[in-house]
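Multiple structures follow.
Heads up, the next two complexes both have subunit A, just with different partners, subunit B and then subunit C.
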Partner chain A sequence: MNHSFIDEHSHIDSALSRLDARIKIISFFAFIFFIVFTAPGSILSFALDGLLLLTLIAFSKIPISYIFKRCLVIVPFILMTAFFLPFWQQGETIPLFQIGTFQANVSAAGWIMFQSVLIKGIFSVACLTLLTASTPFPQLLAALEDLKFPQLIIMILSFMYRYIFLIEDEAMKMWQAMKSRRAGGSRWLHLKAIANMLGTLFIRSYERGETVYLAMRSRGFNGTFKQSHNFELRRYDLAFLFNIFLALVSIKLLDNFLGK
Partner chain B sequence: MHIPDGFLAANTWATAWVISTGTIGYCLKKTAGLLKDRMVPLMGIMSAFIFAAQMINFPVIGGTSGHLLGGVLAAVLLGPYAGAVVLTCVLIFQCLVFQDGGLLALGANILNMAIIGTIGGYVIFNVLHKIFGNKKGLQIGAAVAAWFSVVIAASFCALELAFSGTSPLGIVLPAMAGIHALIGIGEATITVAVLSFIQKVRPDLIYGFAGESNKA
Partner chain C sequence: MENKIIGIKNLHYSYPDGTKALCDINLEIQRGESLGIIGSNGAGKSTLLLHFNGILRGRGEISVLGNNLTDKNLPLIRSMVGLVFQDADSQLFMPTVFDDVSFGPINMGMPRQDVEKSVKKALKEVDMLVSIKRSSHHLSVGEKKRIAIATVLSMNPQILVLDEPSSNLDPKHRRALIKLLNMLEMTKIIATHDLDLISQTCSRVVLMEEGKIVSGGLCPDFLAEAASLC
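What follows is the complex of A and B.
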């Protein structure tokens, strides 16, 4: 079954993947912070952010088409909530394009808001994609735990990661079996079959959970885990962190002095 | 309705983070008290199940499709607290692995879907379940609660966008609520159908229906 959707690129050996995962998390979270707090309409800032992002993508050796594809995830949301912003008339309007004698006007405030929301959304998604695509998921969780993320959530997530392939596999097998039996028609016609499939999947998953728990219990599990991961900061990691912050602060300063 | 980063103002996502952290912290404590040392394996596998169940999508109109939220499904099967915990883990996973929903906006997404959608949905379910009795109550309660959970979560999302000054309330609220009123029909139908099946086959696995043995 095809489910190589997690850790698809984390095996790539690159300048980014060799970094300490904690440093990577701090750097990218800071980057997202900076992007989100950029004032709408500061084109210079956005351009420099984009440049930094492209540099990091180049360092990561992750195919840019993959990152681009991931950025499309926000498209439906934009269509639902922000698409109409430029047409929402308020205050002065600016001409958008002209076809013959027809001229489309958009509101200036709406257009700037739309632009900023679009760019911020795409850049943040690209940041997160870079972070998670260059880090194996278990390492990401270990680093988050080391950064004092709630331990209970981390433990549940690491279990989820372990079993997601199994459950997804089971779901896909059931789905294939169902598809091979049905004779066309829309999904709504097969509602009962789909529902029974999901119900069966729930029961099997629940029972698997119980079995796994009992197996763990019989081996001495008492509800807590002792994690043993030792991260070690090297000069390389600190240099990366320093450079990222230097770049972000310079972008901010440049925008303050040169922008507008 | 996973909100990406850049759509919310700082005061909105920060407030949402505070509310979400507090509520989910309480839910974690409640779930741990109920499940004890079974909690981690069971919640992990149930999160994986809800994640897999969300793969099912149903066409709405005009080429758009909605996928199962699973909030009410999880809450009715596992109870409101465990349901909220499971949905939270699914949302964190989606944010990190699929970038579905932003990082700073994660608090708001947890608030909308895991807290208001799941716990709120369970409250509606519980009231209707008590009014209509066991079998009919499960179906009517789950249908109404599932529909409302999707619509209310979408409306909250619209409210947050309006508070942030991203979109005018008069446009974004009808747009979000309208689309999700349609998606909600799919959610309600599937939730009821799945719950009816489990009620027939393994009623002991449904939270609140179970004997003491299942509550450990």
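What follows is the complex of A and C.
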């Protein structure tokens, strides 16, 4: 079966992929932090953030179209949460569109807020996509563990990465088996079959979980996850971290002095 | 030195829903022996295997190298009995081959440098050292089976327990598996329907039916007799 992997570009040898995964996590989360706390309407800040992001994408050698496609996935969710912002905010209004005698107005502040949320969301997802695409997932998990992220979350992520393809395979096989025996029948019957299929998939996943747990116990697992990782910080990693922070602080300062 | 490596006396086991899975099992396995367990589906082969390192706990006595299977002895017994599950995907639950093979030794409390040595040794034994950094889900079925065996070999077990090791393998990978099993010198217990695999890897065989051991004997003679029953 064909699968898409979240770290499918991690084998590309680039300035970004060679970095220590821990440094990458810290840098990208710091970047997201700065993006999130950018004041709404700070065009200069957003432009410079975008430029920094493009530079990092260039360094990673990952096709920009890949990052762009992944970012599009999040747009409907951002729109869903931010859609009413232009209508709820008070203050000065601006016309949005007119149909006949009906004119829709939105709040100017709300409109700026909406655009900012959209940009922040897209930039943040682009950062995370770049991070996960340029780092082999097992390395990412090891780095998270080294950075003292909660064990339970790391375990869930690890199992998700390991078993999502198997579950996808099982779903695909069931789908094919259903299609091969589907000759006519009402749409309602098909929907019922799909619902049953989802139930079966859940039960199979649950059973697999049980067997995996047995396999873990038989190899001495007692509830505590113990792993051994070898991370070594190099001057190159520290230089990257320093430069990222320098760039982010510079953007903030430039925005404060020039953006007003 | 005592030659008996596993002793089972009057073992009974019922699943929580009341289904009787094992009934009065008595079995002795000698050091270095390769024992085949055959029987039809639902005969209790896999359930019996799960008792060897205390994953399931029935009524009766089980001793491994003179140690009775008790809560206190479980870590020791699990380090001595390596259990390879039928479905390699259940055995390989970590993101990479290294993480999977090192899981057991780390849980045993092995120092980091020894873990690495042990992992490399185990992977070398199954001829998969080149895959040490690969993701488990990128492996073929045959490769997964070999890595699944390596996950327990890295714990240096004295007894290797395998559940249907040849299931889903093509002839080429099956031959490679038989060769590998014959190379491993520890005590082996293999539950399977594959009589050909048993004949090529085991010295003794027992036949299970409805949760009981109904007969057994030395390999070449007994298999001919049992072939008609499986």
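Just so it is clear, the second predicted complex is superposed on the first by the 222 of 260 C-alpha atoms of A that agree within 3 Å, B and C clash if a C-alpha of one lies under 4 Å from a C-alpha of the other, contacts with A are read in each partner's own complex, and residues count from 1 in each chain.
Basically, contacts are C-beta pairs under 8 Å (C-beta built on N, C-alpha and C of every residue); 3 or more make two chains touch, one makes a residue touch a chain.
Computed from a predicted structure; not experimentally measured.
Contacts of A:I203 after superposition on the shared chain: subunit B is touched, whereas subunit C is not. When the two structures are aligned on the shared chain, A:I43 is found in touch with neither subunit B nor subunit C. Legend: residue contacts after superposition of the two complexes on their common chain; A:F77 is shown touching subunit B, with no touch to subunit C.
Shared-chain residue A:I112: touches no atom of subunit B or subunit C. Applying the stated contact rule after C-alpha superposition, one finds that A:R217 touches each of subunit B and subunit C.
By the document's definition of touching, neither partner reaches A:A30: not subunit B, not subunit C.
Annotation for subunit A, partner touching more residues between subunit B and subunit C: B. In the superposition on chain A, A:R162 makes contact with both subunit B and subunit C. Look at A:K120: by the touch rule set out above, it reaches subunit B but stays clear of subunit C. Residue contacts after overlaying the shared chain place A:A15 against neither subunit B nor subunit C. Shared contact residues on subunit A (touching subunit B in one structure, subunit C in the other): 137, 158-159, 161-163, 166, 208, 212, 216-217, 221-222.
Per the touch definition, subunit A reaches subunit B in the complex via residues 5-6, 29, 32-33, 35-37, 70, 73-74, 76-77, 80-82, 84-85, 88, 113, 116-117, 119-121, 123-125, 128-129, 132, 137, 140, 150, 152-153, 155-164, 166-168, 170-171, 186-188, 191-192, 194-196, 198-203, 205-206, 208-210, 212-213, 216-217, 221-223, 225. Against subunit A, the residues of subunit B that register as touching in their complex are 1-7, 10, 25, 28, 32, 36-49, 51-53, 55-56, 58-59, 64, 77, 85, 88-89, 92-93, 95-100, 102-104, 158, 161, 166-168, 171-172, 175-176, 179, 189-190, 193-198, 201-202, 205.
Taken together, the subunit A residues at the contact with subunit C in this complex read 137-138, 141, 158-159, 161-163, 165-166, 208, 211-212, 214-222, 226-228.
If you check the complex, the residues on subunit C that touch subunit A are 50, 53, 55, 75, 78-79, 83, 85, 87, 89-96, 99, 102-104, 106-108, 112, 115, 135-137, 151-152, 155.
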